[in-house]
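Listed below are the structures to be examined.
Common to both upcoming complexes is subunit A, partnered first by subunit B, then by subunit C.
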Partner chain A sequence: MHAKNFSQNKKLNLISFSFYGPALLVYILFTILPACFSFYYSLTDWNGISKEYNIVGIQNYIDIFTGERFLNAVKNTTIITIANVAIVNICAIFLAIALDNLRRAKSFYRSVFFTPQVLSPIIVSYMWSYMMSYSSGIINNILDFLKLGNLKQDWLGDPKVVMYSLIFILIWQGLGFYMVIYLANLQTIPNELIEACKIDGAGRVSQFKNLILPLLAPGVTTCVVLGTIMSVNTFDQIQALTGGGPGFRTETIVVSMVYEATRASRQGVASSQAVVLFIATAIVSLVMTKYLRKREVEY
Partner chain B sequence: MKSTKRRVPVLDLVIAIIAVLFAVPMYSAFVNAFKTYSDMTKSPLKPPTYLYFGNFIEVFERTDFLAIYKNSVFITFVSVVILVFLSATAAYPFARFKTRLNSIIYVFLIIGIMIPSGLSLISLIKILMRFGLNGTYLGLFLTYAGSWWVPLLMFIYIGFINTIPKELEESASIDGASYFRTFWQIIFPMLKPCTGSAIIFSGLGIWNDFLTPLFILGGADGQKTVTVAIYSFAGKYTTRFNLIFAVMVMAALPVIVLFVLMQKQFIKGLTAGAVKM
Partner chain C sequence: MKKVALLMAVLLALVMVLSGCGGNSGSSKQTEDKTAESTTSEGSENKTTESVKITLSAPEESYPKDLLDQLAEIYMDKNPGVTIETESFAGVPQIEYYKAKLATNDLPDVFFMNTLDSAFVDAGAYMELPQDIVDAAPSTKYNAYKGKYYQVMNNQQIAGMFYNKQMFSERGLSEPKTQDELTAICDKFVADGITPIVIGFKDAWVGDFFLHGFMLTTDVVFKNPDWEIQRLKGEVKYNSPEVIKVYEKFIDWRDKGYFGKGFMGLTYQQCEEMFATGKAAMFPMGNWFIGDLANLESNVDVGWFPFPTEDGSPGYLKALGNSFSVNAKTEHPEEVLAFYKWLTTDPEAVRITCERMSLIPDIKAAVEMNMDPLLQEIINKVQGMDGYIWTYAQWGDNAPPPGAYDYCVKISQDIAAGADIVSSLQKLDEEYDKLQATRE
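Moving on to the complex of A and B:
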């Protein structure tokens, strides 16, 4: 009996392999192997071009964590991620509830808010770089028109405001995506629960706090974890809008990593930054998933 | 939630204002693509008084936009075919044969979703160089085929295959059909809705992708994709926004048209991975 099961399993494994084999092979060759190479290169001083290089141990890690530039990139990445994820989720929950309560044009608005999602981040970036340009931009034009000229800003050029502008653009592009997930989540809340809540005399605020928000927990888990991973890896928008500038004001880990790997020809340094990014993302998303899953309730 | 519906004009108004905030940047990019430079600076938000095609003509004079376009279409098409083939076939055994080895391999593949593409990309380019594959389409296709796209799409497929009753295949296997034939003739046709989502999801992602083609193909003229072309065009003509808008309109138009025609499928496709996670 046991032996028969064993050979049966073996046969199934063989059949399975014939199905996933090609995918597994390219995955190992083009994702796992290069990722391992990055770990290895992070311990060298390779410039990415020459044939010779030395193994320098953890010197790259010591360098990036003692230099100001990388720490600044870590700080920027953290600020962008926390602000983006927090604000976009809060806005998306409210927008989803508002849309759900709308009588007319629900699907029209849903499509309008979702449209930025189908556009390339590069396209969205240049749209906003026009909107926010100092002399010819729409925003400053409108401020002038409203006689609010003193509120005019160099939205993407002033080191004091550029971070806010960038986070705003990221939220603008992502909002529709999260809103749709929350909208789907809202449909899973049984009507009877809301009725019962009303009969108990709960006001709108307490209805939201005690019923809707806890039941949106699965959506929150998905959106916060996914949003964090995507936010940490933001590259296109920053590259197109500011290139990490002015100065290094908006340089993130990914932007710095790409710079080190390409223009600066420091493969070792770039690799060590990539490794740090990977470990940080893995830890943060695992801890968050665990914590947020605990908050999900069964009903 | 239907019971909570009330007549709230304030709500309608707030949503309408937010919708305007969403529409204005897209609207201004669209209308200014059809205006002269002076018209754009004078009245950026007014609809054009007449359709000016000079920007488009200038774009065609300065770049080989048709080649760029063909390039993007070709890359997207081939990549999507590869991704759908690899992820649908890979998903089948994980949904049907629950052996220990399979569950180990499954976890190993799923980890791929979490690996930041930068981590593998910066070293992958060195590997491709060694084999003379950097700057080639083959290199780009292999990069996509091995990327997080396959695990993610596979994950969506597994969820869908789980909802199909096993009896169908069992009756086929009595007939003596091989596993491959069973999969392609019986299961795959039933996965149509899922394949639709996968095509939209990966097709849009690859059409809009910037970092991968920039890294693997570089900025060489004959090999630019639309996103890389917009980036380099905007770098060259920084203040000529009406020109940049003309490029953008051409790059985004097919996507927007498809989105308007198939809104439901788009929204479902683009959130399919997220909702199931």
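Moving on to the complex of A and C:
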């Protein structure tokens, strides 16, 4: 009997492996192995193209943590991530609730808000880059037209406003994605609970605070963790919009990493930054998932 | 039996996935080969069974695709057994682009890089050039790296101030001879609400070119032409009173509005357009701008003067223009070198390139070209003056370490945006020394 079960399990495992095996193989080849190589190269002084390099131990890690540039990049990455994740999630929840309550044209508005998400980040960046241009951008032209010329800004060049502009664009593009997740989450809340709430005399604010928000917790977990991982790794938009500038004002870890690997020919340093980023993202994601999961309620 | 069947199923699934992954590249290679064959047979009356395919690549901003195609066609007409495939790219820094190509063993046979990257030399990416090619373009001797040559220098470049003649004459202004005269002119334009000097830092090299290429070179390198070589050796520093003074002057000019509002967010193209549409009076740029000006269809009457020195002593900013390099691992070294020699040192190829790009030819053979009147005016104006190589335009052994220019541009951008000058220059020195140490 046991032998038969064992044989059946083995057969089942083999069948299931035939499905996930190829994907696993591709994942190992193109994700896990390069990540392992990155860790190895982070211990070398490889320039990225030469056949020769030396093992330098943890020197690259010492360099990045004692250098001002990497710490500045960590600061910028943190600001962008926290601001983006917090604002985009709050906006997405309210937008999802507003759309959920719409009686007409719900799909139309859902498509409208989701459209930026399907556009290439580079296209979005160039589009905003043109719109935010000081001399010829539509935003400043509109301000001029409205006789509000004193509000004109060098949106992507002024160090005082560039971070806000960048975060705004990231939110604009990401909003639809998170909104759709929250919309899906809202569909899972049974109408009976909402009706019961109404019968008990709860107003809209009370309904939102005591019923909808707690039941949106699974969506919050997904959106916050995904948002954090995506924000930390944002590269295309920042590179196309500001290149990390002016100066180093919007330079994130990923932008700095690309500079080290390609411009400065210090693949070892770039790899060490990648390893630090990987470890930090993994820890933050795990802690957040654990914490947010605890807040999820079941009904 | 069942186990064998299951195992076969698993293997079959794996093979199908892997063949799916590789299928496209295989078929595309086949198509590529077929295309190459058919192009050759169409492009040549003498049908050859063995056609040599050469890939020629350049960034669009340095060599427009139509120019590459024109040169390739001329060469293919003369050499029926050769097929040249051109490739152009934009929006990616050329070092990053070719580094990726090199890493994937896909480096074109002939490729353009506007700097001789020592990391590429160390990686054995460049083919060493034979002496006959070097001799055909004598300025190449300035591009020796550790006693070897990898890139031909076949043109000269001059930088200075392009200006709107009408705007100047309307205000009774003449070409300035000193920086005080220049600032007096700028003050007049500021008072009239016109941007005196258009520069931009969205494409940070444009602003940096004015700050370093123009101001630093004129105020520091004119007095000490070996300054950059001394910096390479660590004998002078950026964080020094003479350099700090240049940056302070730049910030002073910025605060007086000489660069207009919103200059931090301007691209090179926007700077060109501002000048070409009469929104700015002066544009500090190299002679290649003349080629762009023709495409802008501007009605502005453009003049040119060398960027003035503080005391009015004559001098102008120059650089040697480089050309292509050859992939050391090319499959057809003999044919590729023959094409390379034609492309970089043949009077016809150099004439076509220089006419299209408004460059000044610099090869041993005489080049009869239709010189743009403005370019001729520039050449006439600098006759008899001493020329000084602008910063970050040194070549070969004297070239700054890879990455130093990019970092310097970042620092310029940071300072223009309000960063502290002394600490920024300190950072620049530290990074420069680190990068130099990496090269050594």
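Assorted remarks:
Just so we're on the same page, the second predicted complex is superposed on the first by the 273 of 299 C-alpha atoms of A that agree within 3 Å, B and C clash if a C-alpha of one lies under 4 Å from a C-alpha of the other, contacts with A are read in each partner's own complex, and residues count from 1 in each chain.
The rule we apply is simple: contacts are C-beta pairs under 8 Å (C-beta built on N, C-alpha and C of every residue); 3 or more make two chains touch, one makes a residue touch a chain.
Computed from a prediction, not measured in an experiment: that's the story for all the values here.
Of the two partner chains placed by superposition, A:Gly174 touches none, neither subunit B nor subunit C.
For subunit A, the partner touching the most residues, choosing from subunit B and subunit C, is B.
Contacts of A:Ile189 after superposition on the shared chain: subunit B is touched, whereas subunit C is not. In the superposition on chain A, contact is made by A:Ile15 with both subunit B and subunit C. When both complexes are overlaid on chain A, the residue A:Ser136 reaches subunit B and subunit C alike. In the overlay built on the shared chain, the residue A:Gly48 is in contact with subunit B and with subunit C.
Looking at the shared chain after the overlay, A:Ser111 reaches subunit B, while subunit C stays out of its contact range.
After overlaying the two complexes on the shared chain, residue contacts for A:Val26 are found with subunit B and with subunit C alike. Contacts of A:Val254 after superposition on the shared chain: subunit B is touched, whereas subunit C is not.
In the superposition on chain A, the residues of subunit A contacted by subunit B and by subunit C overlap at 15, 17-19, 22, 26, 48, 129, 133, 136, 258. The touching residues of subunit A, counted against subunit B in their complex, run 9, 12-13, 15-20, 22-24, 26-35, 37-38, 41, 48, 95, 98-104, 107, 109-124, 126-131, 133, 136, 138, 141, 172, 177, 180-181, 184, 186-187, 189, 191, 194-195, 198, 207, 222-223, 225-226, 229, 232-233, 235-236, 239-240, 254, 257-258, 261, 267, 270-271, 274-275, 277-278, 281-282, 285. Of all residues in subunit C, those touching subunit A in their complex are 2, 6-7, 9-10, 13-14, 17-18, 21, 93, 95-96, 99, 102-103, 117, 119-120, 122-125, 201-202, 204, 261-266, 270, 273-274, 279, 402-403, 406-407, 410-411, 413-419, 427, 435, 438.
Across the complex, subunit C is touched by residues 11, 14-15, 17-19, 21-22, 25-26, 45, 47-52, 68-69, 129, 132-136, 152, 154-159, 243-249, 258-259, 262-266 of subunit A. Across the interface of their complex, subunit A is touched by residues 1-8, 11-12, 14-15, 18-19, 21-26, 28-29, 32, 40-41, 44-45, 86-87, 89-90, 92-94, 97, 99-102, 105, 109, 112, 114-124, 126-127, 142-143, 145-148, 150-151, 154, 179-180, 183, 204, 207-208, 210-211, 226-227, 230-231, 234, 239, 241, 244-245, 248, 251-252, 255-256, 259-260, 263, 266-267, 270-271, 274-275, 277 of subunit B.
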